[in-house]
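Letters A, B and C mark the chains in the order given here, with residues in each chain numbered from 1 onward.
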Amino acid sequence: MLKLIRRAYAVFKAYALSDLVRSKGFVYGLISFSIWILLFMSPLTLFMDPQQSPQTIAAYGFTAILIFMFYGAATWDWAAELRWMINDGRLEYYIASGSGFLPHYLGILPISLIWVFFAMFVNYIVLSIIWGPPALAVIDISMLIYGLALLLINLIAYALILGGTIIASGVSGFIMEIISFILPVATGGLTPLSKLPKPLQTFALLTPFSYPAEIIRYSILGWLPVVEFPQLIARGMLFAIAFLAISLTYFRYQIKKILREGTRATALW
Amino acid sequence: MYIDKAIVVENIVKRYRVKKKVGFLRSTTEVVEALRGVSFSVNYGEVVGLLGPNGAGKTTTIKVLATLLTPDSGEAYVAGYNVVKEPDKVRKKIGIMLSVEKGFYGKLTGRENLEYFAALYGLDGRRSRERIDYLIKLLELDRLGADYKLLEEFSLGMKARLSLARALLSDAPILLLDEPTLGLDPPSARRIRELVKDLAHRDGKAILYTTHNMFEAELVCDRILLINRGIIVAKGTPQELKQRIPKLRIVSLNVKGRNNIGNVLDKLNTKFDVKADENDLYSVRIHVQNPEDIFNDVVKRFIENGFEIISARIEEPTLEDVFIYFSEGQ
Amino acid sequence: MSLYPLLKAEFKLVYGELFRRKSAFIAMIIYPYLFAGFTLFFGYTIGSPNLFIERVGIDPVIFMITASYIVMSITTVIDDVLWRPLSDTYIGTIPYILASPVNRLKLFIAIPIPRLLAMVSMGFTSITPIYALYYGFRGAVTALLIMALVALGALSMVSIAIIIAGLVHTISESWRILNIVRPLIMVLLGAYYPRIFMPFAAYAISFLIPSSHIVEVIHRLFIGSLDGIYISLAIAITLALLYMPGGRKSLLYWERRKVAEGVKTY
């Protein structure tokens, strides 16, 4: 256990120094992110009813972007990290070292969360400029924590599936971008399920992602979920555990596959 | 200026400023002198080797001559043109070969890559096609599938050949080749070396060839410049360089016989070493300034004294000996 | 050295890569729908299309698919010109390009043309079917006109993109700056959020971007107004030509800085 923590800390220190402290990229990334929010959010004002409270819209935007950022972290920080390892020629060393991927990911997880935190800070400021300070209030802290925990489990499972697919079949960056765009939308991650058409609602409830999203939206915005709370909590946990179990099995299978067949070459994008 | 000489370098100095971390957030700037007053020339029709270890300044020198790096002081002329003041004219006179591993577009075939670079070098349609056909044949790339294989499928040897083909696209009179056989298998490396020699001796090109491989330098180069820590420590033909070091050469013999070997060796007026084993085999190393003077005599003496000569040769100092001798002097 | 052989070479390079990397090709077809769909989905969720039509004067589906097409086409030019020095550095071809006698300005003018042609042609798969669905044959003809305008708008960006490239690539980790420049230009083009709604400062900066005038022409066509479109076209072309000498100077500046530092040769 101590060894694991030490290894994870070494990874955390390396990435924190290179990506957060020494690299200007952190600041530039936040600036870029704020411009992208402006690009996507400003056309939405053209649809808005002037009578609608802009702060409510801002709060909705805030929550949607929060969930989108988490999906982004799972895709681009966790799953894509494997892609970078292949491109840099590091993956084989990881496998041959016997330490596995767990220390590495335990190390980069805090980095992702720090980045999401700062990104949401910037998000808050940009939305305040466009619409006004988002009307956020923590209605139920325990549900918020539960929702975030469920989201984390689901995203780890998603990253394992995407990452496993990448190392065994070299998924292109473009496919990853498509997935990271469509997945949160199609699974009710970004929009309250009550606002989705019925078929899409049904589909979203068959995926694990919609449950944490509904719980988070309820606990920050007060929007009632489409499913009763006991069901929401129980089904959310069941889905998350099943998803994680499947993804771990899948990832192990892909590792065995590359030990037999070798890693796939990937392009830069 | 210097129209009759292909390359003239006069006292080139280049310093790099390198940031060095001294604490968590603090850093200092260190000045690294990559070139400390390098001077040499290269004539048409010869291969001049720039020989030195990693970090000696070989690639920096090539970059200056290829107009890819501005020196801090000194002058360099390629085909009579100043590399700093007249870079466009220099670029029309050079072909370059840098890293073998990188430098091509992965999703294009070998031929398509050459067509792209031919356009950059100003070759028009027909001339470009003819030249590419010729080079692909010369470097045996047709046999290796350069016409249909994508670059990302090329082996290192194929990339090296394609890289040389690119350097020859514009048929420039001056070639700058930076470690062209690095990482290649022996047959590919040998082919490149043979081509390089032909290009100089048969086609009259001036070739500056950098390498850290002493053995290769001796095979390919007409003249060698030894470079270490940014300065030229010695220059000359391989033979001239070897003769400049005071190291004694060695007559080395393996002989077999039961007679007293002292009868032969005691008459020698020079230093020698003898190693014997149980099977009446002796390994004899005679240290002498001019081994050619005594070689035949020594062999004759051993035979007269009843010994069988298993092998006999003269050991020369190597370029490595030369390099170590001159670099330790710095 | 004429532009023609460079164009030919760039066409071979880009199309060789485009058709051999299918994901890049598919991306070109899908992205306009993806961005438009994303915005429409959220817009319909939080508001109403009728309010959009009241404000902007055109159906949001038409507006958004056109906006996506405009942005994709124009950013093709920006991306190709701005990112090419970086990708050449990564691949290792930059020393060979800088050590060659090629005319730098002509090369950079040639660089975006092949992908731009491919992207503009994607109008046949993006805006043309939607326009034909909404407006019939007239819609299809309008789509062709818009494709021509978008091509003009994209070409008008070449000179300013070269200026930016020459200045930005002298900074280390220039790709981080490009990650700011790119979305900023996308915002200031006024394709997704029309210029007339922008605050004055943003409008003033947008005015300096040649293709933002072409975008305004397209928006005026949407609402059936032909007022001032020739002036807007003239401004776009004039700006593009005015920026050209700056582009040349910018490239020279970049090259001199690169050579002074030393071009990476691996």
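Operating definition for what follows: a contact is a pair of C-beta atoms (placed from the backbone, for glycine too) under 8 Å apart; a residue touches a chain by one contact, two chains touch by 3 or more.
In this text, all values refer to a predicted model and were calculated from it rather than measured experimentally.
Novice: Would you mind checking which chain's C-alpha centre is most distant from the centre of chain B?
Specialist: A
Novice: In terms of CA centres, which chain lies closest to the overall middle?
Specialist: C
Novice: Return the distance between the CA-based centres of chain A and chain B, expressed in whole Å.
Specialist: Chain A and chain B have C-alpha centres separated by 54 Å.
Novice: In angstrom, rounded to a whole number, how far apart do the mean CA points of chain A and chain C lie?
Specialist: Their C-alpha centroids are separated by 30 Å.
Novice: List the centre-to-centre spacing of chain B and chain C in whole Å, with centres computed as mean CA coordinates.
Specialist: Averaging C-alpha atoms per chain gives centres 48 Å apart.
Novice: In chain A, what residues contact two or more other chains?
Specialist: Residues 267 of chain A each touch two or more of the other chains.
Novice: Name the residues of chain B that each touch 2 or more other chains.
Specialist: 106
Novice: Please list all residues of chain C that touch 2 or more other chains.
Specialist: In chain C, 21 touch at least two other chains.
Novice: Can you name the residues of chain C that touch chain B in the complex?
Specialist: 1, 5-6, 8-9, 12-13, 16-17, 20-21, 91-93, 95-102, 107, 259-260, 262-263, 265-266
Novice: Please name which positions on chain C make contact with chain A in the complex.
Specialist: 21, 23-24, 26-27, 30, 34, 38-39, 41-49, 51-52, 55-56, 60, 64, 67, 87, 90, 173, 176-177, 179-180, 183-184, 186-187, 192-193, 197
Novice: Can you list the chain A residues touching chain C in their complex?
Specialist: Listed in rising order, the residues are 23-25, 28-29, 31-32, 35-36, 38-40, 42-49, 52, 57, 60, 64, 172-175, 178, 181-182, 185, 190-191, 195, 267-269.
Novice: Write out the stretch or stretches of chain B touching chain C in their complex.
Specialist: Touching chain C: residues 16, 59-60, 62-63, 66-70, 87-88, 91-92, 94, 96, 98-99, 101-109, 112, 115-125, 150, 166, 178 of chain B.
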